[in-house]
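Chains: A, B, C, D, E and F, in written order; residue numbering restarts at 1 for each.
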Amino acid sequence: MSKLTVTPRTVFQTFLDFPLVEDLDRLSADVAIIGMPYGTPYTIDETINDQTNAPTAVRRASQRISLGLDRYDFDIGGTLFEGQDVKVVDVGDVPGQASGSTGHYARAEAAIRKIRAAGALPITIGGDHGIPIPIFRALDGEGPITLVQIDAHLDWRDNVNGVKEGYSSPIRRASEMAHIEAIFQLGIRGQGSARMEEVEAARAYGSNIITAGQWQEIGTAALLERIPDGGRYYLTIDADGLDPAVMPAVEGPSPGGVTYRQTIDLIKGLFAKGEVVGVDIVEIAPARDINEITSMTAGNIILNVIGAAVRAGQFKRQN
Amino acid sequence: MSKLTVTPRTVFQTFLDFPLVEDLDRLSADVAIIGMPYGTPYTIDETINDQTNAPTAVRRASQRISLGLDRYDFDIGGTLFEGQDVKVVDVGDVPGQASGSTGHYARAEAAIRKIRAAGALPITIGGDHGIPIPIFRALDGEGPITLVQIDAHLDWRDNVNGVKEGYSSPIRRASEMAHIEAIFQLGIRGQGSARMEEVEAARAYGSNIITAGQWQEIGTAALLERIPDGGRYYLTIDADGLDPAVMPAVEGPSPGGVTYRQTIDLIKGLFAKGEVVGVDIVEIAPARDINEITSMTAGNIILNVIGAAVRAGQFKRQN
Amino acid sequence: MSKLTVTPRTVFQTFLDFPLVEDLDRLSADVAIIGMPYGTPYTIDETINDQTNAPTAVRRASQRISLGLDRYDFDIGGTLFEGQDVKVVDVGDVPGQASGSTGHYARAEAAIRKIRAAGALPITIGGDHGIPIPIFRALDGEGPITLVQIDAHLDWRDNVNGVKEGYSSPIRRASEMAHIEAIFQLGIRGQGSARMEEVEAARAYGSNIITAGQWQEIGTAALLERIPDGGRYYLTIDADGLDPAVMPAVEGPSPGGVTYRQTIDLIKGLFAKGEVVGVDIVEIAPARDINEITSMTAGNIILNVIGAAVRAGQFKRQN
Amino acid sequence: MSKLTVTPRTVFQTFLDFPLVEDLDRLSADVAIIGMPYGTPYTIDETINDQTNAPTAVRRASQRISLGLDRYDFDIGGTLFEGQDVKVVDVGDVPGQASGSTGHYARAEAAIRKIRAAGALPITIGGDHGIPIPIFRALDGEGPITLVQIDAHLDWRDNVNGVKEGYSSPIRRASEMAHIEAIFQLGIRGQGSARMEEVEAARAYGSNIITAGQWQEIGTAALLERIPDGGRYYLTIDADGLDPAVMPAVEGPSPGGVTYRQTIDLIKGLFAKGEVVGVDIVEIAPARDINEITSMTAGNIILNVIGAAVRAGQFKRQN
Amino acid sequence: MSKLTVTPRTVFQTFLDFPLVEDLDRLSADVAIIGMPYGTPYTIDETINDQTNAPTAVRRASQRISLGLDRYDFDIGGTLFEGQDVKVVDVGDVPGQASGSTGHYARAEAAIRKIRAAGALPITIGGDHGIPIPIFRALDGEGPITLVQIDAHLDWRDNVNGVKEGYSSPIRRASEMAHIEAIFQLGIRGQGSARMEEVEAARAYGSNIITAGQWQEIGTAALLERIPDGGRYYLTIDADGLDPAVMPAVEGPSPGGVTYRQTIDLIKGLFAKGEVVGVDIVEIAPARDINEITSMTAGNIILNVIGAAVRAGQFKRQN
Amino acid sequence: MSKLTVTPRTVFQTFLDFPLVEDLDRLSADVAIIGMPYGTPYTIDETINDQTNAPTAVRRASQRISLGLDRYDFDIGGTLFEGQDVKVVDVGDVPGQASGSTGHYARAEAAIRKIRAAGALPITIGGDHGIPIPIFRALDGEGPITLVQIDAHLDWRDNVNGVKEGYSSPIRRASEMAHIEAIFQLGIRGQGSARMEEVEAARAYGSNIITAGQWQEIGTAALLERIPDGGRYYLTIDADGLDPAVMPAVEGPSPGGVTYRQTIDLIKGLFAKGEVVGVDIVEIAPARDINEITSMTAGNIILNVIGAAVRAGQFKRQN
């Protein structure tokens, strides 16, 4: 009776209690979860936005979606690793600085390069939708890449008030990169930052826009058929691409969105096609959440990414 | 450097920043957005209900659904006005008075008459479901009209405690008006104020009741076929007609409801059939909302009404 | 004018204002609503959990879903009792005690025995998912019974830290009872407390597991065909079996769940097959609710159970 | 074991569980607690204000301040009734009506007349500060009366937009009544509805204004000396007269206010001087409360009124 | 640039980041902070009450009241340890068990005995006011002790429904212990669980009751003079003893309470008189807090206890 | 009846509806209210802190503390301007920029120089406690100045992580300016960022530190006597200097603080001594507020500043 229980003990909260790796130079893993809290703000008041809190929120909520790696996941159809020797780590967050310089984009790009150099799949938790831009850049040696986006909005602005790497421009920036071969934009609906000229630019580029209504009508199987097989894929998921009933905690909720099942079926389909070189989920605004449902759904999506990668044998190829 | 920025400046909040027109006698517009905060209460405690705040809430939330008229709307399939010369205005709210008289119904009726006299389409934001009654009356010179209602509830009470123009009676009142030719009640489900006698009265009248379950089963296209073409239509939308996952902020949430996509497809279908002489959306209770999703969805529905009207050429006919 | 109105009067809140019967030895009813707030905790901090408040929350919310027995219910297709002489009562809650013994399981079992002895259908509001265990026991003279479960999770643990009758074990316990003939587990998805060994135990037993994805794919009619006709059925509904968009207030929200319509169609289907000997709805966590939607949906489900029982003639058989 | 405990039972909530008397014509009591939810609104949006909920809120909170009449109260210095045969009843609320007429003022006046005719001390829970006006009128046969007010604000407006019996005018109205002999206004501070002309009218009348700062400086004993002994007194307490640290839930919180101890010492002092013919406490806005502290403090003040009346022998005189 | 910052890292939260000591048999410290979350419940619903969360809440809030041991504290008049070699540790919480037995009282008593055996001053964070009972027992070899209580309530019940060690009885239990020599009850006011018989029992015992009003009137210096010098003292602080403006988060807020300055002056005075053998602060209900002010004030009080002990040379005597 | 009332109209919200002046080069006023939302952050997460929202919050709350300039203020003892021809304007907020440079300090300094050049008294609403640093600089031509600070904390750090103009350093920076002659630090208590070395630096400088306890003990009159007459004064008020019961919405609530009455008596005393060249109120964190009490009290303090200035004839001297 000489030991008291320490009830309120909280340990470092990585995603799903995966081990924390702080030194990317010595990274050895199949999957690296990474947080990117900071985008490139349009005004000083956006330097820190609610999305900045999302990496912490999703990691915390991850404790409510899984009790351990030995649990059976009926979405995935087995345990997460299916008995394979898979190593997932959490590498923490890309730091910002008080100076306000956007040096964190350079740090983000460097981090992704190291993760890829280590042969690991980066799964990034934003932050707003500006944060994939340095990720895209870090993949320049891995093209040609097919970029798949789930989003309500087109995100095709050249710039907003002169700022070119903010959350309205990630797909435009991607379209300018030589190693991005094709773009699929899924779940698009309602209004965003796009004007007629952005829609025309997207069309001129050859972007494949499938609205939320179209996806619902044709089904996920048919949609997957439109995406060529055998390539390399990057998947960027804007939380507002999903329906607000599934992910209510976003700045721009838009009714009539993509369902959770559509999302995880798409994920499975992409891994069945070829190698996925990275995934991100962005634009979660935790302060607007109810019962952490948005963060928990984000966590479930990440689980499905890992589970699909395992079942597609992606980590066997690499190891 | 002699000018400071006035950060917190807020200007008058009309719906989507459309111009405010306060003098209805000089109205010149294609669409007039109008707020009707006050119904006819059953008890003194209902004089001001949460629905009273809905016009303000929907106008405020409208700022989050559109950044301007040049934005492309993927629900509508283009910019709101599609390049046409369309004029939308906000004419403010019908005032109530401390005396508690329901003189606001007379003012509401007069306002709708002026809007229609000016050739504009009135889009009304309630208020509870009593507020369409004076609107119906104002349309007496425009019959025959087919009334289409999206609602969980029948709203067919003759009176409640002697009050005949409250939120339980709008469709009963409509059924008594000579210029209302036919009634379609869509999305009906669960329990409301209707007893067996109200259901029988509705059936005796010939009301076309399509439950939420039936609509889901047959689809929107088949449903639209049941509504005759070539007429004039009035659409009243009770927020609780939609599913609580889409519009949670209502007094009487009822699971298993109408989806956003069903709603906007119905809207497009009605405008394709003939002239729509008015639309209202009522029974939003902002205090129960989460992340303004109900008010934003209401705003999206209004956008789809305007977009469908533009594409149906309704304003060309009038101008 | 000598009488003042007593505005804040609140009377005892039974479910839907059905009469309260406190003495089960003199029970005479067709349906008995009963609350079971307390499960068997794994830790002292779970002795009182949020689910403990669910019976009160569902009873309170029931006032918002029905204005009286004369109301027409479009989910059910008529008034609740359809003109039949049906008697529904609320028998209150099974009490717990400060001593912390789990004597309430014995009391729960005894209460269900008395309700069944009186020929009534027990509808239980939990509490967590441990509370059906004594209910199952109380039905030992009524086998063979087909157990139907709507749930995200398998609940097939033999024990957790030595505790065998907690919320992770109800189906395992049921599988051990001779009078439980078959088990159908519907809506299963994501991760719960099940490890590979629990999945294998369920399979070895012959449990019929239909995931949420499978149910959506095949439809409710096909699912019902897999359940044999002509038997006796017990239905246990874990609130997290339904989609969080419908029932957000649960400890373990899991996206991609069962819809309200699937649920009520299943209920109608079961009553069409044979006698239903009991229904429970558990795991509602009211503090996480939004606009009481979870509690109201639970109430609607209970209404559909009663309405389906009436229409299946179950009470005629008994009276 | 045949009886279940009915945990969620709630009975009618009177103040401190005192018996409810609904028929004022047969009233036999020493103290009558009465709620007056409705004032005379300046705009339709004030018909129902947050103060309307105060009678219910104070009654509910009263359960947290006393466990029964046998408890010793250290503020009062004994049990509430000190062993005397005292009868306190709750007579419910003065009803309002949907029509919006202010007939409730006539009903309020009639109720107070009946309470006084029965020889009871009326303690009124508002409502806003308009509600004492009919109370004052009902006391016209009991003059001369010294009116004592605790308030941040002067409340001396002749009318606001033509409305003469609203919450800005109670003291002006009192000053016009022949049976009100003198007025003491205590705790006044900051700004209210008073302009220079109202201050001058108060001064011309001879109102004794003691600001919050002055009260703090001179102390309660000295303040009580300024009020003549041996008269009849009516005490009206505006919740914003007290400091927001004590009563935060008011529309017009004003720092630097009256303390709880000053308030109860004043109450004891008034009862020591002569007969108190009525007390009210108004302007509590429950939605702004924190931990029900405002409503609980209001309840404590009411307890001190009753306790002081008992100890002053006021009920002995009457019985 | 190979290391990412791990922003959301949280380490174990001890009070003020003092080191955690889990093995009390090897304790070597001057002060031991200990949490006692569980009392002895009167009903099953009180097994876990809001006070159970207070140790965690106070530890978390402690991070907001001090940036480190090198900070100057103007309440104390220097740094916490004043340059002395003082060792403060946090020993975690006394665990409860699912079985519901109150074995945690035995564990609490044993823990305090070990802390005292190690020569350390125990500062306990409750839990409700039942938790000091085992603490008192653990001090039986250190009498005679003067018990000083700050509280709104007398806590002198012999039992409540047969339960003798609940939160209404700590002072009655203390009065029965031979090693408790004298009792001072400070700040008493309003009503609690005490009936006339409890007040008389307290008086018969010779308890020194000083009401909140008396303390305010005579001042802290005079109050301290009434407590004999040169003894050993135990201080139990019920959070509701302080004014709700200072500690709003309590179950029984009572206006007119003790101020923070009175409290810390009393603490300094006690340490100036003799040895203080233990301090507890109980009855904080974190869910009712605003801006963590209650928990922060509790932390400030603990700092003042340590600071006063240091300045009184109490730890020098022991080391 | 052709005009509808526009209920939700909101116009630009200046403090107390005083006119907005955006061009400081053409400023002609006695008092200029100015907002400074941005300080110099220590980390990127502090770039936008809750204090950034304070100017907007205080302006909005100002509508609840005064109904117009003709109202009598009993704290001030008359109408705000006492019939004098006084001109108060609101000049908006000093803008920040997305680039994150702290150019806003230069803009703040320039703004204050222009305000002083126009002969107006600047009243600044922060922002955190870094924002007075550029204000102090702007007063370099107006020395010698006596700086008076109401604060819980000393704010005397030379730098924090190399940042020299953050919220922990304003008084240290002031001490280094030649035109600051003397410093009075009032209400100091508990712990802040000060270590022994900061306390010693303050003492070495000759700062007059009067703790909250000392102020309470000696009274405001005696405190004012310690501040020399006939000088020029600048008053900086950190909201946490006041008691949390008065201003709960601060990052560092510290019990035992300064009262509202002490604050306004100090303000009156300073204006009685000589010219006050500027006032600021900082560190309000609106998200932590309850019923806007903190923002309203801030507004009341500003009113007392203006009222005291008017009564001291300060504007007559200047005009």
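Here, a residue touches a chain if its C-beta (ideal position, glycine included) is under 8 Å from a C-beta of that chain, and two chains touch if they have at least 3 such contacts.
Listed by chain with UniProt protein names: A, B, C, D, E, F = Agmatinase.
Just so it is clear, the structure is predicted and the values come from calculations on it, not from any experiment.
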Superimpose the Cα trace of chain C on the Cα trace of chain E, which carries the same sequence, then give the rotation angle to the nearest 5°.
180
Quick one: which chain's Cα centre is the longest way from chain C's?
F
CA centroid of chain C to CA centroid of chain D, Å:
48
Interchain centroid distance [CA atoms averaged], chain A/chain F, Å
45
Centre-of-Cα separation between chain E and chain B, whole angstrom
60
Can you list every residue of chain C that touches 2 or more other chains, as numbers and ranges?
95, 243, 245, 290
In their complex, what parts of chain E are in touch with chain C?
38, 41-48, 52, 95-101, 163
Can you name the residues of chain E that touch chain D in the complex?
154, 188-196, 198-199, 209, 211-213, 216, 243-245, 248-256, 288, 290
Taking the touch rule as given, give the residues of chain B at its contact with chain A in the complex, in rising order.
64-68, 70-75, 79, 243, 245-246, 259-261, 264, 290-293, 296-297, 300, 303
